[in-house]
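Read through the structures below before going on.
There are two complexes below, and they share subunit A, which is joined by subunit B in the first and by subunit C in the second.
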Partner chain A sequence: MTHLELSHIRKAFGAAVVVEDFNLAVNQGEFISFLGPSGCGKTTTLRMIAGFELPTAGTITIDGNDLTNTPPNKRNVGMVFQSYALFPNMTVAHNVGYGLKITSKSKAEIMQRVHEMLALIQMEEFAQRYPFQLSGGQQQRVALARALAIRPQLLLLDEPLSALDAKIRLELRHEIRRIQRQLGITTIYVTHDQEEALSLSDRIVVMSKGKIEQVGTPTEIYNAPATEFVARFVGHINLLPVTVLNPTDGVISLGRQTLRAGRFGKLNGRPVQLAVRPEEINLGAKPDTNTLSGEVESVTYLGSIVRIGLRIEHHPLSLDVFNEHTLKLPRIGETHTIHFPVNACWLIEKSD
Partner chain B sequence: MGRFSSIRVLLCFAVPPRCKGTVVAMSTSPPPRYRNNAWREHPLWNWVGLVPFFLFIFLFLIIPSLNLFTGAFVTNKGFFTLENLSVFRNPLVLKAYMTSLQVSLLTAVIGGLFGFFVAAAITLGHPPRWMRSLIMTFSGLAANFGGVPLAFAFIATLGRTGFVTALLKEVCFPGPDGTQICPFNPYDHGFSLYSLTGLVLAYTYFQFPLMVLTITPALEGMRKEWREAAANLGASTWQYWRDIALPVLTPSILGASILLFGNAFGAYATAQALTGGSIPLVTIFVGQQIRGDVLGNPHEGYAMAMGMVVVMAITIVAYSMLQRQASRWMKV
Partner chain C sequence: MKAQQINWWAIFWIVLAALYFLLPMYGTLDFSLRMERNTISLKAYEIVFADPRFWRGFQYSTLMALITIVVSIILFVPTVYWMYLKVPQARPIMEIITILPFVIPTIVYVFGLIRTFSRPPFQLTLHAFTTDMLIVAGYVVISMPFMFRAIDVGMRALDVRTLTEAAQSLGSNWFQVLVYVIVPNLRVAILSGALISFATVMGELILASFLVRPALAPYMALLGLTKAYEPAALAIISYALTWFSLGLLQIVSQGGTTRQLTGR
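And now, the complex of A and B:
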């Protein structure tokens, strides 16, 4: 059942259009991430849902109620900011209970809800502390509790982990997902971190230059990117310019070497690229796979994996191998054969 | 061999356990000489930059204050006495204190409120950058435009023959009974620049820009996200100001208010030039006593000045207590 619906949303600041024809239907209890580079319009879209920005065109509805022009304090939407935005003059308990105090709830009711929320974020013993006495991660957890205390119909998170260090970010990421699942609250999460989006979301909205590039599950986004932008933005990918030899069977050529693409749409004569993830490629030859040969240009340790860079028909290509103790790495300058399954590669139209 | 031995010596410095077996070879060369820079670590060096400031304070605050305090307790011949304090039994002196307090409080409140709204308008209202710069520059100028020039500027504007007074005489205003008052001479309707009202008006001229200068940084420190978070939780603009903005700003407002109060309490030249001493202010009384008029007694002047210091000290203590209460949530 559609809970939140954004229809033909457009936002312009003067002559600059920052969001263009944005359409999205979000189901009850779904966790959606807006993923994209800085300036792609993801935060502006979130701020329009919160009511801090008015759309230039289009409508925003929650459970069928048009909220497009409703002021932010009448929307009952919880928001968590990148910079925590805790009120510095209030204790943790007062911060969490502030939204309830505004709605004139009784003191007992406020206290009970504050306790519930602090238990949810496992910070009951911090109730009387001021924000300056908390770490960044603790402040963000309090901000989450504050946003949830009012029982919002929607939870919005604007890059909530960006200001935290890597370890805390990972911990809090799991905690956000745990709490979201526990409460079953519809959540919109803005991030430019693809790992966060892939690990947290039910669906991801990939945005670029104010437009939606693709909406899909993390698997769809990663394994079947719809556009070159999505392919390049999410994960690491090899894109090799190829010539279509047989549009029916997906037979293509890369220089003098012939290959087959596992997936390809309608090939209409426009320039295409062969897309294949580095982890799908292996060293050596194997029958019934796409096999290529090229010269090793680089070998880079990345911890659990080693990335090997080759030059094939004047085009760079990288492949990942697990850093096992038996691994024999190729030397730079050697010529090696590589292979990857036909089903692991697909054709993408070259963008303009 | 030479290359390897130098690498080994380098490793020896970097990783001490690697020195095993190298010690003998190293002991043959003379030990490296280091300059002893321990004196640079002495905590006194942290204060060196402040020496001119402390010297200035000593010469122009501590010594004059000591002179003032001792002067309040000695006779003209230099003998100790408490007689000078009897000046506080003089009803005229007490009235002067009351008037000074009244003017200071009034101008601190009026100037403070007006200055706060101007500062809020330029920080929260997002006017064009040039307008903001213009107001800040004007504030910097006006906050320091006191004394005789300010008094004459007001006399030329709102004095009996000032150009605004002359302009007002050319226009008609509706009277309380509905009849037109033509011409409108403000001096016929109770206004006088040479009264307490005029003095408050003149003081406000330098008080409000001072408030603009002191409170603007605090207003700039108010984060947009606090307002948005409050709105998100259902708070109206009024509730945001009541519950978050004003409590956060209170320490700064208190600090600015005490500055405004002190600024007006110690003002002398503007009042003297504007009213010719006809309004009893402590500073004018002190001036009259110290200047050596016929009936002047500098030691009574010192006693009155000491009284002013006491008033300011009480104000600062009260301010500190309020400040501590208002800023208990601040990082210390």
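And now, the complex of A and C:
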């Protein structure tokens, strides 16, 4: 059931087009992330949903009602900002109750709802504190409670965790998802952090230069990126320029070495690249797999994994191995054979 | 470890500056207490306080100052807020406009006011009430640099845009955003602006004397021409008044700074 629908949204600031032909249908209760580098138009799109920006063209509907030109205070959309934006002059309880006070709810009702919300974020004992007496993580939880207190039809989060340190970010990420699931509220989450998007979302919208590159579940986005941009932006990927020798059997060549690709994306005659994730590649040779050999250029220790960089036919390629206690790392300068399954690699066209 | 050196030059300049300010004040104070021969007395103060013209001037100036403050707040808070939110590029223009009262001599400004508004179609100087309207308008302009700057600094310490958007997404209209969110967070800034404006209006001479209104400063000037000891007493009184305003400002701003600065 479509809850929020954006159709043919375009936003231009003067001559600069920030968002172009953005189409998306969001289902009730879905958690959607807008993922992309800064300047890709994700925040602008979110701000158009919130009503802070008006689209140059296109329509925004919630439950079939056209809200394209509705002012933000009439949309009943909760918003959480990167900078928390708590009202410094109000206590936590007053911040959370603000939206209800504006809609002239009774004191008892406001108190009950504030209590409910503070219980939801597990901060009941902080009701009488002022924002400046709270840590960043606590402030953002209050901001979340404040946005939810008005029972919005949509929850919008604009990089809510970017200002927090790594540990708190992880905690709060789980908390946001828990609360979202508990309330079943349709949520749009803007982030440039692929890990956040992959771990939180039902679906991810990957954006670049104002356009949607791909919409899909985290698995689809990671395992089958549609474009070179998505492949490069989400996770680490090896892209090797190859020549297709036999499209039916998937036979390709990389320099003098012959390989097979499991999947062929949409190919339109442009130069193609073999895409394979570092974690799919293993050291050593194995029958019925793609086997290549190259010189070790770098060995980088990343904690739970070790990333090994090789040069194969003049092209860099990296592979990840688990940091087990039996692991024997190759040395720089040695020549090693590597292998990866045919089904773990696919072909994508080189972008412009 | 090196012992902290005493900066004798710094002390020298501080003492010199203090003497420059304090000596004349001490002289005035001393003189104001010597109305009666060979004794220290508060006679000059008694005479000033017993003069109904002093009280009338004080009352009139206080009232005008308060009206000026209210008008300034109503005028400048929404204007500066709008500038921050919608037209940040207008800031340089605002800076220049608000500094004009410092650049244009008050006397020139007053002549301009009188020439424009004492003739038809306005003829504001025909009645006391309309003259007072004109005088308040003049005071608002004269105190504008202080009021604008105070509010400007206050807004700069706030994330005005995001707070506004947060309040809007929670259902507030423009008026509610201003009243519930922006103004309470500008409390200290508005008070500082108000107190400086108050001090400015209380000491303003040219506008009131050319528009012939019973303000405090023209009374002081008049007294200065005709009496010896009383003007000195009056000067001390107005000093005290100004310092009292500034002291109040200090207390108020200390009370609120921590919240204002860290509560973002």
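By our rule, the second predicted complex is superposed on the first by the 348 of 352 C-alpha atoms of A that agree within 3 Å, B and C clash if a C-alpha of one lies under 4 Å from a C-alpha of the other, contacts with A are read in each partner's own complex, and residues count from 1 in each chain.
The working rule: a residue touches a chain if its C-beta (ideal position, glycine included) is under 8 Å from a C-beta of that chain, and two chains touch if they have at least 3 such contacts.
The model shown is predicted, which means the values in this text are computed figures rather than measured ones.
Trainee: For the overlay on subunit A, clash or fit between subunit B and subunit C?
Mentor: Pair status: clash.
Trainee: Kindly classify A:T103 by the partners it touches after superposition: subunit B alone (first), subunit C alone (second), both, or neither?
Mentor: both
Trainee: In the overlaid three-chain picture, which partner chain does A:P72 touch, first (subunit B) or second (subunit C), both, or neither?
Mentor: Both partners, subunit B and subunit C.
Trainee: Counting only touches as set out at the top, which of subunit B and subunit C does A:L170 meet: first, second, both, neither?
Mentor: A:L170 sits against neither subunit B nor subunit C.
Trainee: One more residue to check, A:V17. First (subunit B), second (subunit C), both or neither?
Mentor: In the superposed model, A:V17 contacts neither subunit B nor subunit C.
Trainee: Looking at the overlay, what does A:A147 touch: subunit B (first), subunit C (second), both, or neither?
Mentor: Both partners, subunit B and subunit C.
Trainee: Per the definitions at the top, what is the overlap between the subunit A residues touching subunit B and those touching subunit C?
Mentor: 50-52, 71-79, 81, 83, 85-89, 98-99, 102-103, 130-132, 143, 146-147, 150
Trainee: Per the contact definition, I'd like the list of subunit C residues that touch subunit A in the complex.
Mentor: These residues of subunit C touch subunit A: 158-159, 162-163, 165-173, 176, 180-181, 184-185, 187, 258-260, 262-264.
Trainee: Give the list of subunit B residues in touch with subunit A in this complex.
Mentor: Touching subunit A from subunit B are residues 223, 225-226, 228-236, 239, 243-244, 247-248, 329-331.
Trainee: Quick one: which bits of subunit A touch subunit B in the complex? Just the residue numbers, please.
Mentor: 50-52, 71-79, 81, 83, 85-90, 98-99, 102-103, 130-132, 143, 146-147, 150
Trainee: Using the touch definition from the top, list the residues of subunit A that touch subunit C in their complex.
Mentor: Against subunit C, subunit A makes touches at 50-52, 71-79, 81, 83-89, 98-99, 102-103, 130-132, 143, 146-147, 150, 156.
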